[in-house]
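Listed next: structures, encoded as structure tokens.
Both complexes below contain subunit A, partnered by subunit B and then by subunit C.
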Partner chain A sequence: MSEKPITGEKRVFMTGNEVVAWAAVAAQAEIMYGYPITPQNEIMHYWTRLAPKFNKTFLQTEDELSAGFTTIGGVLAGKKTFTATAGPGTVLMQEPLAMAEMMRLPVVVVVMQRGGPSTATVIYSQQEVTLTTFGGNGEGFRIVYSTATHQDLFDYTIKAFNIAWKYRMPTFVLGDGYQAKMREPLTMYDPEERGVELVKPEPYVGLPGMPGEERPPGHYRNTYNTEEELNEVVNDHVKAYEQIQNELPEHDEFGTENADLVVVAHGVVARATKQAVEALRAEGLNIGYFRPITLRPMPDQALRAMADRTKKILVVESAQGQLARLLKESLYGKTVEIVPLFRPGVGVTPEEVMARSRELVA
Partner chain B sequence: MAKLAKIMIAGEGGQGIQAVAEILAEAAYEEGKHVLYIPNFGVEQRGGVSVAFLQIGDEPIGSPKFEIADIIVALSERAVGRTRQYVGAPTVFVYDTMVATGKVELPTGAAKVLAIPGVETAKKELHPRVFNVMIMGAVIEATKVVSPENAKKAIEKRLGYKFEQDPKLRELNYRAIERGMELVGEVLRGGQG
Partner chain C sequence: MAVQPAMPRSWRRETKPHKFCPGCGHGIALRVLGQAIDQLNIQDRMVFGCDIGCSLLAWDFFNVDTVQTHHGRTTPVIVGLKRARPELVCVAYMGDGGGYAIGAQHLVSAAMRNDRITVILINNTQYAMTGGQMAPTTLPGQKTETSPYGRDPDMTGHPTQGPEMVATITPESAYVARGTISRPKQLHKMVTRALENQIAGRGFSFVEILATCPTNWRTNAKNTWKFIEETMPTHFKVGELKVPEAFQAAAGGEGARADG
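And now, the complex of A and B:
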């Protein structure tokens, strides 16, 4: 009944939504809470198909607010839980997610970005970057991985559970409608067989023993009486996040040594920019590629070092500057020129990136 | 960017466009090729134009959508209109003879524009149900991205349970692939376009 879902290396060809469901099973998630919204619906569908085979469960809630809060409930009970959403669902979920930030709860959320504002398209965009990194009434104490391939979706969904439980911080896998719906090959595996230790969840509530006598009391609050009380707690979060900023940033780059231009993109758009930069380099142009994998925290040090080595940066995204805002904050004080290629709500092709890059180095 | 076939199939919802793309994608994947397939999808539950973007190549594939297709198969007037923006110098544009060319402008600037009597042939010689499988045969002949044998294997994988119940269906599907290949072969040799 509950044998290992994956043994050995398994080459498969499937949609991104199916990949996420498999990865959550492989990461030994126990329960998913969710409310349907395109384009992430099939994460729920595949999870509900897989769950009974491996003694796992699912709860469909009445909306995304509730999905977020039940995910928090699952975490408090010591379960490895997750939810998935998109678009207006990501907006609704900010209330429970801010609570998870305040209480440092390791909820895992998969966001498959669709077009915005409001209902907009059910298809695709990169317009949920600001919402995923800094949504909610707080300071953005979150960890956000932006995936580009189905292999990333598998690897980083597994990683998200580990990072969330290790650092006790809400952790996001930020995909998009293209990744959700497209099919491409990837290799699935059992993480423990590869030597990846799966961090065990622990309950926050219902622990044995008399609180304050036999064990420290659990004191989990999202409400404070005074400004100073709150300030003290947030300052602790700031300190915890500094450690995260030192330990967790991830990125991918090549060709950035003394480049005339570096193209920066995240997520699925990084595929087009990578393809474009490779083709331009093959033509002999001195152009580099940089992809932040963590958008929260951003890979500040690597970005700043890159900015010192290049003349210009072209920032490419399927949004009107949501990545660019994060980038500018990372590069504060640097004088490198930042040129936008913003295509809000639509995909970006390598041809567009090549054409703009050629203009910039001409 | 090495050899990469960019394929677009478009038609009315219900014509089985996405099934064709999925089976082709599966066949190419089984051949060990790099494949990326993405359906378009919108808020409409039915009545929309259905478009499939399929890329098959020897190296990892970049962005899921593309600007210019190598081959476009458009199976309705609206599909012709919808796919026109993806036509460029290398494009082989295939449309069904049932498309009322008086109602929609055919693309210009393509490498070739070919008309095949898909709907008619499926209805008269085979069965309307296998129209999409015939179109798959047409795509295979036009692109050579997968072998007909592997396409048959992929169909078997998907519909094998139905074939078990009624072996005649298998025969019908296989003939549909071959007939689709012939249709494109004929117009290519006939030099229409």
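And now, the complex of A and C:
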């Protein structure tokens, strides 16, 4: 029944949502629990079509709370389980994710950002950055990959499962409505054929042996009686996250050596800025490009080094400063000037970035 | 009730005496559940999920794999787990607030889908852990911290008829009952059936248990007993509401009574 979903390298042309479903199959994810919300629906549509072929499980839950908590159940059972959501769904998803943070459960969540606040648009934005990186009543101990291309969606969805299960942290693939809905070419592959090891999931419950007699029972909780007890648990998380901060930050950059200006953007906006920066450099302008790929943890060291090499930073995003806030925290103490180009809820064109960049280096 | 039988094997000795108040109904409900676990020999293939509220005090109660979840969210955690590992026997244990208020959509949806899980819901007519607020199950006229002059059904509705609702929305393969800690023998039969029905892969299994909370009722032993024995059953009818045919056949047609 379940032959290998992908063999060899396969050049395809598909929507981002379809890519995510294929990537989850390629990552040997076993279960998706989800609730409909645009623009992520087709992840479920494709997953449910692939499910019988590759022996996968799906349940359409009653809401995103349930999607998140059933995903936790799947993870506790020892299965690679994921969900996908957007907008108000991402808001509801924070409750189960707070539990996943507290109990360090490797849930994988794909967020396809839509407009906000509230119901807003079903189309696109980068307004779920704050919620995805620091949502929940906790400390934001999560890992967030912001994708820019369909190739990213494929690569980082596979990676998200590996990282989640390796570090036992909730892990996000942060896309957006443009990526979700547009078609684009990419190469799909079987990760193991490429030498990418797939981290095996492990059950938290239902292990062999009589609990309390042949093995200790698995007793998992998120409630603590004393401040000290809680503090100890959170301090353990802090320590675990320090390791993550050392090992996981990823970014992309070019032309940042002694630049007059570096344009910083993430996700799909980074494509427009990349194009803009390439064109400006071709004109002979000394402008660089920086794209954080992980938004949690931010690539602090690379950002700080970049800030030392440039005069100004232009931060571009389809939100009113959600990336900029993360950036400022990373650059605390640096005196480099940070100039905003905020377009909340709308796309950004290379022309806009070029025009603003020209003004700044004039 | 006078003689306490031996501690069930599935109980975790290290965490006894348990953390519930003296006279609390949870202890009896969990004793009955423990005995059923022993009898069905499922201790090593079971997952016990407990909610927020006093039910969370059961997080280390059993020598059974246990997950303490969020308020109202035990049902979806257990649903997600059961669908991932159908060979496990999965129990969601919650209070009336968790099941009928904040988690009502999960209870209704799991019941409608006929998820093969067992839900055990403690009805003690108020929110106990948070200090005695009105619950969906609070009786008309009953005083609580948020209904200090007594629950007014005109403004806040009548007590939720949980098993009746679940029985209405589940298919014939579901098991639905309301028991009371004042009749442990009958309750034992109900809880056992609710587990057996899941083990047989038949359907959703639900037992509401009328339980005492002397702490928030502010009752002495006599009045506690009176409230659970006399007052509560006038609003909450004790008995089996839905019994799959397999049980009825096995019991020679007597299943529906279960008068223990």
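We take it that the second predicted complex is superposed on the first by the 353 of 362 C-alpha atoms of A that agree within 3 Å, B and C clash if a C-alpha of one lies under 4 Å from a C-alpha of the other, contacts with A are read in each partner's own complex, and residues count from 1 in each chain.
Here, a residue touches a chain if its C-beta (ideal position, glycine included) is under 8 Å from a C-beta of that chain, and two chains touch if they have at least 3 such contacts.
Since the model is a prediction, treat every value here as computed from it, not as a measurement.
Trainee: Examine A:K181 and indicate which partner it touches, taking first as subunit B and second as subunit C; both and neither are also allowed.
Mentor: In the superposition, A:K181 touches subunit B alone.
Trainee: Output check: A:V268 vs subunit B and subunit C. Expected answer is one of first, second, both, neither. What do you get?
Mentor: first
Trainee: Which of the two partners, first being subunit B and second being subunit C, lies in contact with A:V199: first, second, both, or neither?
Mentor: Once the two structures are laid over each other on A, A:V199 reaches no partner at all.
Trainee: Looking at A:L76, would you say it contacts subunit B, subunit C, both, or neither? Reply first, second, both or neither.
Mentor: Second partner only.
Trainee: By the touch definition at the top of the document, which applies to A:V234: first (subunit B), second (subunit C), both, or neither?
Mentor: In the superposition, A:V234 contacts neither subunit B nor subunit C.
Trainee: I want to verify the contact counts: of subunit B and subunit C, which reaches more residues of subunit A?
Mentor: Answer, by number of touched residues of subunit A: C.
Trainee: Check whether A:P39 is in contact with subunit B, with subunit C, with both or with neither, and answer first, second, both or neither.
Mentor: Touch partner of A:P39: subunit B, not subunit C.
Trainee: Note which residues of subunit A are touching subunit B in the complex, please.
Mentor: Those in contact with subunit B are residues 13, 38-39, 119, 121-123, 178, 181-185, 268-269, 271-272, 274-276, 279, 347-352.
Trainee: What does subunit B use to touch subunit A in their complex?
Mentor: 1, 22, 25-26, 29, 34-43, 61-68
Trainee: So in the complex, which bits of subunit A are touching subunit C?
Mentor: 30-31, 33, 57, 59, 61-63, 65-66, 68-74, 76-79, 81, 95-96, 99, 203-213, 217-223
Trainee: Applying the document's contact rule, which stretches of subunit C touch subunit A when the two form their complex?
Mentor: Residues 10, 12, 43-45, 47, 52, 56, 59-60, 62-70, 73, 76-85, 87-88, 105-106, 108-109.
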